[in-house]
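A single structure is presented below for examination.
Order of writing sets the labels: A, B, C and D. Residues in every chain begin at 1.
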Amino acid sequence: MSAPSNDANEPRSVTLLLHCPLRLGIAASLTQFVYKHGGSILYHDQYVDPEIQHYYTRLRWDLSGFSLSDADTAAGLRGLIGFAPDAVWSLHFSDEIPRMAVFVSKDPWCLYDILARSQSGEWAVKVPVVIGNHPDLEPVATRFGIEFRHFPVTKENKDAVETEQLAFLERRRIEFVVLARYMQILSGRFVQAYPHRIINIHHAFLPAFPGARPYHSARARGVKMIGATSHYVTETLDAGPIIEQDVRRVTHRQSVKDLIRMGRDLEKVVLSRAVWSHIRRKIIVHEGRTVVFD
Amino acid sequence: MSAPSNDANEPRSVTLLLHCPLRLGIAASLTQFVYKHGGSILYHDQYVDPEIQHYYTRLRWDLSGFSLSDADTAAGLRGLIGFAPDAVWSLHFSDEIPRMAVFVSKDPWCLYDILARSQSGEWAVKVPVVIGNHPDLEPVATRFGIEFRHFPVTKENKDAVETEQLAFLERRRIEFVVLARYMQILSGRFVQAYPHRIINIHHAFLPAFPGARPYHSARARGVKMIGATSHYVTETLDAGPIIEQDVRRVTHRQSVKDLIRMGRDLEKVVLSRAVWSHIRRKIIVHEGRTVVFD
Amino acid sequence: MSAPSNDANEPRSVTLLLHCPLRLGIAASLTQFVYKHGGSILYHDQYVDPEIQHYYTRLRWDLSGFSLSDADTAAGLRGLIGFAPDAVWSLHFSDEIPRMAVFVSKDPWCLYDILARSQSGEWAVKVPVVIGNHPDLEPVATRFGIEFRHFPVTKENKDAVETEQLAFLERRRIEFVVLARYMQILSGRFVQAYPHRIINIHHAFLPAFPGARPYHSARARGVKMIGATSHYVTETLDAGPIIEQDVRRVTHRQSVKDLIRMGRDLEKVVLSRAVWSHIRRKIIVHEGRTVVFD
Amino acid sequence: MSAPSNDANEPRSVTLLLHCPLRLGIAASLTQFVYKHGGSILYHDQYVDPEIQHYYTRLRWDLSGFSLSDADTAAGLRGLIGFAPDAVWSLHFSDEIPRMAVFVSKDPWCLYDILARSQSGEWAVKVPVVIGNHPDLEPVATRFGIEFRHFPVTKENKDAVETEQLAFLERRRIEFVVLARYMQILSGRFVQAYPHRIINIHHAFLPAFPGARPYHSARARGVKMIGATSHYVTETLDAGPIIEQDVRRVTHRQSVKDLIRMGRDLEKVVLSRAVWSHIRRKIIVHEGRTVVFD
């Protein structure tokens, strides 16, 4: 099938994500490093939080004419950033396709959306496995030719199951996890194993209506808009760094059932925008918030 | 000054707002009443909440050719609705221009917007007085030729001041109150004197960020949209029936100061939509929520 | 797989769509007809266009306790509406699942979205066939177990191919057609065979940027929002009655490629809302515009 | 009256707007220039259009500790940018408050909004005069203590009147013009006198519905959203570089009169966002489009 205008057609490139306390000349030294070795800059954006005088940048360059090997690139940057020992940075080569696991329960819409995007070439991502705490969505995974693993979770076995899941994810070399309407709360231990690498979709405009049954709460409160929020999972429920949000206008005419139906599209679009930003290495997390570059 | 396409140019009409437990034939008997006496229906909308089997309607008709006097219209409807003793209804003649008081503190934007709309003929409303707990906005009221009353409120004198304010509002025959960035919490006694007749603007997407300094909280939480909510004031802070809400997209780039600036436009537009719906008799409040007809 | 809160779980019902020049008592006679025979009204909305004094209504009732057969219901309504010979109306029983054909070219996103919704039970619709003027999306149809038919169209054979297509659609008893990024213009003859039963998605905010390459035009014009429009196809390109539109904010930073990527989500959501309204029998077309009930 | 969080409270600063064909090291040399002379950067954003390899930047720095005089700053930059003879740039000191003329006809809403913002201190701008081709809005200007000039324009006298207006604007040292629902088309000669310094508000989502009566056209076409567009005026009607747009959802229920009413708020908010971006020196115009920095 013909790939839509996607990542796969692009020349090999590398993306640097970096943040550190603001100091003079960082941008210049980074861009000069790229130019000196024959790189062509494809994207460069930066942001300074004036309140905390903190610098954030995303720099992506074409490797076609770049003279350094990947290892030398990393080493070169390490030298360059050495003068900023408090910098946090990572380097992502465009042909290192991230491996993602999707966790589901019974609701299919986000899963369908994710699998369609990954298989049509819209996203440069590999989905080796779908994990369900119910077996209901196995046929969806199967339809897309993807392994489905059923891990039934109960209060009693949760600890043991998470141990199994973590081992399984490691065996499948999973880099990040998407909770696509997964109706289980992960333990702190699980979350710590994937810091800022578990993306959840919550079906409300956080911090309004955290927790269970937000559409029922929205209807009861009589709000005039419903929302969805995707965020990185932290140890506190629905309190992790927000990646993306969107809303849709409702009136008194919409029943809870209508809200649930209308909310589905919000959920899948908001989750997919978040996953895309994650895959494209556009997100820096710092102090409980995200910087999401364009 | 030429009036823009506004209410003033319209023929005399009357609006009925009614809600009651659903029963057969209400709509038919109401519309037949109008037609029988020569009225021409300008607007008719209805809504049934299927969950609680409750009926809500708004019916507006032209009085040009209507054969009943205002008193007989009310009496006729009383007879008609008699079989529905649990109906709550009100009748509003278009030439009874509502009298509104605006309460302010120091922020001018909502006040300017309200006064511009009322004086340009966009709204069919009278604003006899602006009340401030600070004197700062007196020049704005004066510029529009409107009385300004300064009632300084402290913890100690609040009870006495509210007594004065209520007496003053009665003397000015005020029908409803708009809190246009009024930074004081009204007592239960005050609120009860104007049930569903005090409209507030809260500078957040309720129920997110109730209380003070919502833009600071929004920035701290890292939300990707900010909002504003206008609602009827009840005895619980920021928990009254929501009339209107809107949001605007923000990114990590917006400082608290930017949010405050961007929020101003949300606040004034959302408040004004709510006031307009109130003036045009488009709102029914029931069980803590609003039905806002188109 | 467990069906999400969808149509399939609902009791059998029937939907009446009707419009006619406004006259007194229509609503009352319709609702009385329903009640007299033991029907329970699930939805009733109406709209009067005051400019042309035209009446539009949608009435849906539960058939569980309804005493008339389907044929007698139709006959009863025919009698009832007899006094309004200029009324246009149709009756839709909820267990008559509409049969839809999807036309595609090479772009997969709308097709995936439609098939996911139809197969997960979100929509009460049957999709017997996907028709492509290119073979590219055959694997997608196959993945969902749906017949794919390849009709290559050229300038020379277009007339003959359309004849074949129409015969084929008839054999498959197709009730309506969805053009899911189908990059061919249908002839007037084809359109007339499915009046107001061909739904298209145009990747712009019509009437801005009709025709080819709207994202390129949007970028060239420097608009600050992009949009998508779904509409019924008529004989004039991109000029049919609009069913749904939505937009998304963009800045100078988005390249044409970004617009194309961001537009995909608009396209699929806008198209799917339109298809859903069509399937749920919420749309009346009149004088080149749509009334879309909630 | 207390000023809301506005520009007036800020320390003196200067803003550089610059664009030129992309070349290496521009950003570094600009920021080093600022730092070398003791400036503290308040804002720095840049954008490269990869398609045309063109560089755009906005740089604002605090002058509190800056060691150069204003003249030396300009001279220093001239030297610095000398190596880029094709650069287009301008320097704006924050205490040079721009002088703006507002052109109106009969519609008051945008004028009220502009005068409220300028007089409440929300905008750092001076409005020495309001010019009307009708006398209707003189009372509004007077209310705000601003000179009103009535220039009646007819087909016959247009050329002569524009000559007078241009002379008058020069006498009042007007830097830029805002057409706040001014229902006259300016001649090419007038437009050339204020290149990219005349801001118009058009009451539609351009390029949809250019020209007269866009709400009537929107209703006739049956669109599901209405919009407003503010743009710099060029010699071609409604075709100038777009600064800002926004939309609001409508349904079949809204009459033309409703669209006009709802559109007012869009018009004034969209126009004011554009004026604010202009005043804050956030806009670069290039090749018929705008770059609007955050």
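What we mean here is this: a residue touches a chain if its C-beta (ideal position, glycine included) is under 8 Å from a C-beta of that chain, and two chains touch if they have at least 3 such contacts.
Small disclaimer: the values here were computed from a predicted structure and weren't measured.
Q: Mind listing the chains that sit against chain A and also against chain D?
A: Correct list: B, C.
Q: If you average the Cα atoms per chain, which one ends up farthest from chain C?
A: The most remote chain is D.
Q: When the centre of a chain is set as the mean of its C-alpha atoms, what distance in Å lies between chain B and chain C?
A: Going by mean C-alpha positions, chain B sits 38 Å from chain C.
Q: Hey, how far is the Cα centre of chain A from the one of chain B, in Å?
A: Going by mean C-alpha positions, chain A sits 42 Å from chain B.
Q: Averaged over CA atoms, how far is the centre of chain B from the centre of chain D? Could you give it in whole Å?
A: Distance between chain centres: 34 Å.
Q: By residue number and range, which residues of chain A touch two or more other chains?
A: Residue numbers touching two or more other chains: 50, 251, 253.
Q: Which positions of chain B touch chain D when the two form their complex?
A: Against chain D, chain B makes touches at 1-2, 4-5, 106-109, 112-113, 116-117, 120, 122, 136-137, 139-140, 143-144, 251, 253-254, 257, 260-261, 264-265, 269, 272-273, 294.
Q: Can you name the residues of chain D that touch chain C in the complex?
A: So the residues of chain D in touch with chain C come to 47, 49-51, 205-209, 221-225, 227, 241-247, 251-253, 255-256, 288-292.
Q: In the complex formed with chain C, which residues of chain B make contact?
A: 24-25, 27-28, 31-32, 35, 41-42, 44, 46, 48, 50, 249
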